[in-house]
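Here come two complexes built around chain A, the first alongside chain B, the second alongside chain C.
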Partner chain A sequence: MNEHLEELYKDTPYSLKKTEKQALYQRVLSELTLHHYSHCREYKRILDAMGYDPKKAAPLEAQPMLPVRLFKEYDLLSIPREEVAKTMTSSGTSGQKVSRVFLDKANTRAQTKVLTEIISSFIGKKRLPLLILDTRLALKDRSMFSARGAGIVGFSTFGREIMYALDENMQLDISGIRQFLAKHRDEPILLFGYTYMIWQYVVCALREAGTAMKIENGSLFHIGGWKKLKDQMVDAPTYNQVIREVLGNVSVHNYYGMAEQLGSVFVECEYGHMHCSNFSDILIRRPGDFSCAAPNERGLIELVSLLPTSYPGHILLTEDEGEIIGEDDCPCGRNGKYFKIHGRIKGAEIRGCSDTYERR
Partner chain B sequence: MQKYGGAAIRMSDVKYLIGNEAVCDSPLEPYADMVCHFAAELSDTFMKETSAKVYPDIMAFAFWCRKGNIQTLKRQFISNEKRLGRGLAFHIAPSNVPVNFAFTYLFSLLAGNATIVRVPSRSFPQVEILCRGLKQVLENYPEIKKRTAFVQYPANNTITEKFCAKADVRVIWGGDETVQEIRKCPVKPRCIDVVFADRYSLCLLDGAAVLNASDAEICKLAERFYNDTYLMDQNACSSPQLICWRNETREAKERFWHSVAAYAKAHYPLQAASAMDKYTQMCCDSIDLENLGAIRRVENLLYCVELKKLPPDITGLRGKCGYFYEYALDGLTELIDVLTEKVQTITYYGADAGEIQDFIITNHVKGVDRIVPVGKALDIGVIWDGYDLVRMMSRIVDRNK
Partner chain C sequence: MTNLEKYNQAFITALGVEEDMLATLEYQSVPQWDSVGHMQLIATLEDAFDIMFDTDDIIDFSSYEKGKEFMKKYEVDL
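On to the complex of A and B.
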């Protein structure tokens, strides 16, 4: 199932140009669709109900997409249960349903490998001293992998001499960080954390303490939602600028990915654009009829990944809005589509007479 | 004083939009002349009010309370019985139907009750316009004015309890959950509850009639069906969810749904979140539903899931914002077992209301309170949900020689 991945590993992760990528994706995704159709009962029922014929190859735009919410409602597997090596859950606030994603060994391996390909194309193959802008506590519950803990574990493979910047009470360990930085003064360092937590527990703490770190050569990778930051009127350029003010010379890379498609993540380049790699693609759908939107037109984000084989998550319709900025022509030199994310769509306001005793 | 989410709630948190705490609770006769005049003047006021004209729901209210209609209702009501209102009625209006509070108020007044209405706190322009007009007209009717209060307050049982304690009638809109919640508040032993629980509605279409109709007639039918469904995001209890076909043919279904989709395309503002919800529901239905037939889909505007067999409980077949289920009937008798007490309205086209009514009665069916033509599903009136509201909210003063 994974021969195409082996081929891609031979190249750099942003090498494919439009026509080449289209041909590859039509072929591989058609195979994946047929694979899941043959192995996942629920997926088959959906495609049958849609009247979709998985035996015919189809261009990416015509391939069926699963709404991400489905992973919260059903256990979707394309492998026998006994082959599940790891169950991922999405982070969700209390009371919300969480997604459950089932991985076998091959999928777990592919996710790690692809994440490595992508991240190392930014920072090099060598392991770097890693400062995790989070608390060790986030790792505690290893039995059910939470997205937060899993993210940290996943990223830890790029680091060595790992230091956690926050103590168990979420307090910033300023002197500890200073020691860490002093020790690694002459080498590039790597930083990782969650977008909002970095803002709240690192940026704000440093500002309050009236101090700043002077990292000479760092790369920060961060992931997570922007909603709370948006509420505080913090946008990506502001975020990046403030990070550099309080941490020093750090290149900031936001990255985007779903618990349902770990591995094939989308990383922000030096020009502030999110990029598809060879392992992933993006389409923007118009909400009215799910037709494909034009470049620079806002719509629902559809995420495509070549990785998922143990669960039918290769083509997902998300509840996020975004727009494609361009393809193969970002000044950073990476090929593939690059895009912008506008965040979660607004919940529907429904008229009518049910559900009415106003609750808070 | 009770604490809710850290905030202390007091009676001073109650906002009186109209009236005050001192509501006079002495009853009036049903359809008292004064009240009929008041209704007519309200009608005139809103018919003339420019800001109200853009709201079809306010216009529907104004049209309903016009002099002619109230007089007709009064004539139909008159019998040998002598009646009086029950006293003080406390109404919980639904939070997401803007004009319902005005209807429930008038029904209560017509029955002869002093009336306190809890108005939705979500800000609807309609609520504002209606309150402004009501306030103005009430100035000419001091006897009604002192029997009227409109209140707003955050959902809170401590406050609700205070109002409930005084009530002779309690009118609870808003479905099962609200009914349960409000019923926790004690009332006087003689107090009567008029409750509006969750209901389910369906539509009966005749395939032959749909095929034989002129193009103009089909467009009209589509518009009426739209008004019954999309207009309230299909979320009113009288909005049909399930479409049952008699004399079903592929052509008839094609023709009907095509016209509905065309009308919706021109009129319905589909939100992105609703598009996602409908697509997700289609996937869930594909997985969950047994006896699934074809799924019709016109863009994201219209989804219709065909069923080859009806499940024992049809009330689970619920969509929103243009998501329907359809089923081809062999005959009405197939419906007997699924028309439970949860079923409220049957809308029909190409069928005879009398025939459906007879079918319900002769088969001793537990559900179905209303049988109305397509287009009238949301038309509220003094007979609603199987109740004669004016009679329920008043009492008989009997005499015997």
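On to the complex of A and C.
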């Protein structure tokens, strides 16, 4: 049931305009809802309890959404257990339950494929020298593989001659980085890391050392929560500006996604907007009655993805707050909705954001 | 060493598997060939043959046999 994905892979990942996308999403999501209704007992019971009839096609806004928290409480699968090829877990701050979602081979491939399509649309298909703004330790002990390590490995596909910027004691290897940059002086380089750790262990360390890197042409992708940065009054424009001050000519791309929803990868463009790709969409819900919010009105983020067939995660209500800024008309030229994220809603449980390194 | 021997040795070194397991070896069919093992395997093959895979090919490099097809694409005759 993934034929529509094969079609989408032939195109660039930000090509669909509003009308086309709406038609595709109404059709495919109705199919997905019916598929999960027929294959996941718990999902069927939820829809039955809601009085939802999955046999009728419905527009996106009327499709049933599951709260993301449900994946912490229950193992929800739409495939037989023996077909599970990969179990993904959310990062999870210590002491809290983590979400578990179950992927078969087709879903595992689709996940990697979509991430590749999206990231390559920013940096090209050629693999670039990669500077990981983290420590090699994040990969140690594969049985206890953290979301942080998984993120690093996932991103490593886009790089070559990988260098880790932090040593095992989280100290920035300034001379090592200088050598790396000197070696790759004439080519674009790629950087990857977790939002807060970059600030704490790279930006602050360089400032303390009173020095800066002079990257000539770099692209930084970073992921993770903003909570600790907000506490320090650092917002996204400030973050991007300071990164450029200490690292050089680097385009900064925050990206947003969650383990619970395959295919939901939203990347910040040159104008600071988060973008939906052809593979996913976003709706904003008013917290009072869950009706759809108007553009530029804050509300709860609902995430929609065409990918999940092995578990019922195609339409999820998150605990993050955001607002839609526009659709199909960002000056960067990408089609689809673009939006801003304001962070976790008050009263939501505290979630980890992969950057759960504890200072001793 | 022939190219085929080098190809086999890359799997043995990067994934810590035995030679007689190679023919049926697939991504995620053994614990060592997980996502971390995969990147080690790719890096080992790239070093051994002095080639650079495209991102798409890294993703589609899903078994020992399938990998042989990709080696052709990079002008390595096994």
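Keep this in mind: the second predicted complex is superposed on the first by the 340 of 360 C-alpha atoms of A that agree within 3 Å, B and C clash if a C-alpha of one lies under 4 Å from a C-alpha of the other, contacts with A are read in each partner's own complex, and residues count from 1 in each chain.
In this text, contacts are C-beta pairs under 8 Å (C-beta built on N, C-alpha and C of every residue); 3 or more make two chains touch, one makes a residue touch a chain.
Predicted model only: the values in this text are computed from it and were never measured.
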| Thinking of the overlay built on chain A, is A:126 touched by chain B (first), by chain C (second), by both, or by neither? | second
| field | First, second, both or neither for A:158, with chain B first and chain C second | value | second
| field | chain B versus chain C as contact partner of A:168, first or second or both or neither | value | neither
| query | Which partner, chain B or chain C, is in contact with more residues of chain A? | reply | B
| message | Once chain A of both complexes is superposed, is A:116 in touch with chain B (first), chain C (second), both, or neither? | response | second
| task | Considering only the touch criterion stated at the top, classify A:287 as touching first (chain B), second (chain C), both, or neither. | result | first
| query | Looking at the overlay, what does A:75 touch: chain B (first), chain C (second), both, or neither? | reply | neither
| Between chain B (first) and chain C (second), which, if any, makes contact with A:319: first, second, both or neither? | first
| request: Within their complex, state which residues of chain A touch chain C. | output: 85-86, 109, 112-113, 116, 120, 125-127, 139, 142, 145, 149-150, 153-154, 156-158, 160
| note | In the complex, chain B touches chain A at residues 5, 92, 94-97, 100, 120-122, 154-155, 173-175, 177-178, 181-182, 196, 198, 231-237, 239, 270-277, 279-280, 282-287, 292, 294-295, 299-301, 320-321
| query | Which of the residues in chain A end up touching chain B in this complex? | reply | 42, 45-46, 48-51, 66-67, 69-70, 73-74, 287-290, 300, 317, 319, 321, 345-360
| request: Over in the complex, which chain C residues touch chain A? Could you list them? | output: 28, 34-36, 39, 46, 52-56, 58-59
